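The same chain A turns up in both complexes below, where it pairs with chain B and then with chain C.
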Partner chain A sequence: MLSRRASLILIAPAVVLLGLLFLYPLSYSLIWAFSDEELGGWGLQNFIKAWGLYSRDVLFTLIIVTLSTLIIGAVSVAIGGYLTLGENRVALAVLRTLYRWPLFIPFVVSAQLMRTFLAKNGMMNNIITSTGLMDPLAATSFLDWRGIVITFVWKQTPFVALLVAGAMAALDRSTIEAARNLGARRLRILLGIVVPQVGTTLMVGLILSYVVMMSVLSVPLMINAQTPTMITVDMAWRINAYSDYGVANALGFITYAMTAVIAWIYLRQGVREGGRPQ
Partner chain B sequence: MALKITNLLASAAIVLAGTSAAQAQNVLNVVSGGSENMVDYVTDYLGPLFEEQNPGWTVKVVGTGAGDAGSQTIMEKLVAQSGNDAWDTDVVVVTQLKAGEMVTDGLLQAYVGDIATGKLATRDTAKVALGTNVEGYVMPMFHSQTAIAYNPDVVANPPKSFDELKAWTAEHPGAFGYNGIKNGMSGVAFTTGWMYAYAGNADQLMNGPYDPELKANWDKALADLKAFNENVTFTPGNAGTLDMMNRGEIVMGPVWVDMFYTWQADGRLNPNLKLLLPEPGMPGQPYYYAIPAKAANAEAARKFIELATSPEVQAEGIVKRFNWYPGIDAQHVESALDKATWDKLFTDVTPADLAAKGKPFPLGPFFDDIREAYEVKVSN
Partner chain C sequence: MNILRTIVIAVLLALLAFAIFGPITNLLIWSVAETWYFPAKLPQSYGFAFWERVFRPQGNAMESLGNSVLIAVFTVIASLAVAIPAGLALGRGKLPWRSAFLLLFLLPQAFPSLAVHMNIARIFYSLGLNGTYTGVVLVHTIQGLVFSVWIATAAFSAVDRELEEAAANMGASPFTVFRTVTLPLALPGLMASAIFVFLISLDEFTGTFFVGVPDVTTMPLLLFTASMEGNYQIASITALILLVPSVGFMLFIERFLKADVLAKVGS
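Here is the complex of A and B:
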């Protein structure tokens, strides 16, 4: 067993880094959000302005990120499930090789890819049109909220699928075999036996994805030309156009609040499992 | 965690390596608040030229991105080291708005009187940046202008004014595209042009004095713009507008002239597309060379800017290679260029057009009011 002092020394670098790179800027940002620059002192001025101008964007962000998270969950379970329960060896090999690729592509590059892929006369519509399935005039641009959701799902699914597939592979296969012997179909096994056992891992993956997507600037900036747009774009805009850190930090605070709810679920999950968040 | 520490050590090592290299050889640090092509301009052309003329010096350039966002980053970098005796940034390239803020905050030094080319830039933009007096602190690197690009194969008689454009978009919904105000400056420029045309008091918007009450008269212009927006396609950014024109998704939209010509020269844009400046005009802006107040190599920085603003470099680099309008007064540059190159720059937008319809951006506080009014009354 390590002595108390030794363990403190061991965690010290982590605590210092966390303090300097996270807690210090966080408190700075909070102070800025709640200070009233015009009158001096404290006030909710920044929040009133942020809410007045960007309340629709806050709602939009929440909907987009939640929707993306749900779709990512469904697709990851499907991928992980097929990798665990699938029987066609060629399909398994192809899926196993392909599904991870987007993991290694940065958000900004994904956004640039999607920007030309999803445009009205972009690659996707051109392919569909050339197969004769769609009239060229019927082509529509996906460069709006749908584009953001598609990019988020494309980019984040491999991450969650990787975690989920790993957890599924580590399961005790006897439960699956038992269900099979009793005649359960694969979908039933997936939803009734496999997913409940990897629920925690799936949850952790989805929570991390949610938080990451909340913070992405490049994707909404490059793909969504419409209003409303996501909070990150508004924060960048407040700073770049007006040098207005107050409202930007107020928007930041709103973002923290939106992720804090999720973080709370994550921590509660950890506590329930004996104080070991994964 | 281990990964984080490794990263930290790696970055520390890079910083140390950088410092020791700086001691071995003189390094001039240039930070450009511009897009990729403005960084390329220094790495590919200006930097090597300076190094050739000044043995022992190396020019190191970093780009912080286009628009006020990029210049804001530079400003934050300068503020962060304002307590130090010598700053690690020798030359900055910044936008008008941020140049004004930097001068006001004392982050720049006056140098124009000390360089030989200082007298070659006499346009009003060399003295006033969106209402802030910056005389002596800045030299224009180039001037850039926004204009409406259109596809003459589809639009034989393009609208010549904002009024005609309004009527045209009503007849052809979705065929005109611009990028709103949050996605790049060409959209902001279009909005500004709209306000000059319809908000009234255009002269006051450009030249002052600032009057916070003026925005009370903008409701009609903004409501019209909101109605106009119903008939347009929104594009994702300056490059987004050009991309969409290229793919035939829109046939008209506001663009930066230099970007337009550069893309055409690179074969990235339909060569048939043309430009026009609608009545009563659209804004343009210069980018400025400036020297931070406590630049470590101020002497070399002055030499660098002197070279960059010499008629030969302005002719060869700015006009010929990068399709910008010159930063110093045109007559000094014209004589250093062949006629064909000079004329190419003014094919669609003539010097007379530029003089009559090339406007500055509005005064800083008016500019804020316009953008915020757009957020409240047009996009909300």
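Here is the complex of A and C:
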């Protein structure tokens, strides 16, 4: 058994590393965001400039990331729900081996996959037109905001679905069986009994995905070459083209704020539902 | 009714399979396409000429691959060097404010990382670490830190204390107990964390984008550059090289990360 002192010594290197490479740059980002380079001292100058130049992109980012998060949540619940309540053994086995594939595929690879797949002459349009469901002339490129959402959903759903399916598998089956014996339909059981019990896991998975998507640079750069675009692209642009750390960090602070709002909504929900997240 | 339901399930699964494997198939086709012009649905000619270009010893793809592997190896070493002691303290020690420490390591996951990365790059610039391997390894290490520390903690927590006590009762010194009992039993979990960190480093884009340029090019950066230049064959081959370990890890993770360790994550 390690003593208190030995434990503190052992954990020290990891904490120092975290302090130097995360807490220190994080505080730097706040300082740069709120300092006024022209007049000196503190000010909101960077935010005024950032908002003037990029308010559309901020809104665009918020809509894209929120929409992706909602779709990821719905698909994850559907996958987890079928894995928990489904009865067709073949379908269960197929689904179980199928849904996890993109789990560890990096964003930059996902973006390259989608860049060719969703293009006007990409495989998706080719197959849809070959089946006769769409006229070849009506084919359009999905490489815009829809492409970003599709890539995010493709890449992040397995992660949330894995968490949700795990939580659902660990549930006490007796309430599910009771509802089933009373004749409840499976959709009703899923939404009324299963989902409320895995709510915390679902929300944690979705919030983690939301934060990750908020800071992806490769996907908007590779999928969406037009304006409006996501603010990660603007941050990289401010730094690489102008070395403008003030505006870049103001935009960075906006991403923190958009994340904090979501976390706050979740925590408030937890308080309202009985004082503690389940 | 039952047949109808079966058909609906089959159609939905087929759509899901198309959504997941369609993009991957498209990538595979691109990687062996020598010429593929609009409006052809499939390439006009196939071949491995671009593979030769990628794997030419003096080509920049091999250099990027070498860089990526080298950086990933050093990232694993750096991560384990701090995560094993930390995991031991969190999983086995009498650490005060234990849950606060666990949460502290989770903190980087709570902030959008890009905004932090660009400031790391600025700090590194003043220290002369930009464009160096050390700088890139440090950025990758901090990204993998939460996973390496949490998994190491879980791995040490899952070791049966009675075995350690038995060894200690037979007269083994604390270090011998650690070396012969605790460490071997925690090894599968530590291996999982090492592989995971290796993969995080191999796939990392944003941190390298800010800290590595212009001197250190890794596979993800090469993929990005090739794709933006419209060189889809090179981009697809590079993407494929990164895809294989990712999918392999997904298929084999359960072998490394046993349920007893998984159950202890975060507890």
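The rule is short, and it goes like this: the second predicted complex is superposed on the first by the 246 of 278 C-alpha atoms of A that agree within 3 Å, B and C clash if a C-alpha of one lies under 4 Å from a C-alpha of the other, contacts with A are read in each partner's own complex, and residues count from 1 in each chain.
Throughout what follows, a residue touches a chain if its C-beta (ideal position, glycine included) is under 8 Å from a C-beta of that chain, and two chains touch if they have at least 3 such contacts.
As the structure is a prediction and not an experimental result, all values here were calculated from the model.
In this overlay on chain A, chain B clashes with chain C. Applying the stated contact rule after C-alpha superposition, one finds that A:17 touches each of chain B and chain C. With both structures placed on the common chain, the touch criterion links A:184 to neither chain B nor chain C. In the superposition on chain A, contact of A:239 is made with both chain B and chain C.
Applying the stated contact rule after C-alpha superposition, one finds that A:123 touches chain C and leaves chain B untouched.
In the superposition on chain A, A:195 contacts neither chain B nor chain C. Judged by the touch definition given at the top, the superposed model places A:62 against neither chain B nor chain C. In the superposition on chain A, contact of A:171 is made with neither chain B nor chain C.
Chain A has more of its residues touched by C than by the other of chain B and chain C. Touch criterion met: A:115 reaches chain B and chain C at once. Residue contacts after overlaying the shared chain place A:223 against chain B, while chain C stays out of touching range. Note on the chain A alignment: of 44-52, 80-88, 170-178 or 242-250, the part of chain C that runs into chain B is 80-88.
Residues 13-14, 17, 115-116, 121-122, 221-222, 236, 239 of chain A touch chain B in one complex and chain C in the other.
Contact residues on chain A toward chain B in their complex (touch as defined above): 13-14, 17, 52-53, 56, 115-116, 119-122, 141, 143, 221-227, 229, 233-234, 236-237, 239-243.
Those residues of chain A lying in contact with chain C across their complex are 1-4, 6-8, 10-11, 13-15, 17-18, 21-26, 28-29, 32, 88, 91, 94-95, 98-117, 121-124, 126-127, 130, 154, 208, 211, 214-218, 221-222, 232, 235-236, 239, 245, 248-249, 251-253, 255-256, 259, 263. Only residues 1, 4-5, 8, 67-69, 72, 101, 179-183, 233-237, 240, 243-244, 247-249, 368, 371-372, 375-376, 379-380 of chain B touch chain A when the two sit together in their complex. Residue ranges on chain C touching chain A, taken from their complex, read 6, 9-10, 13, 16-27, 29-30, 38-39, 41, 81-83, 85-86, 88-90, 92-96, 101, 104-105, 107-123, 138-139, 141-142, 145, 149, 199, 203-206, 209-210, 220, 223-224, 227-228, 232, 235-236, 239, 242-243, 246-247, 249-250.
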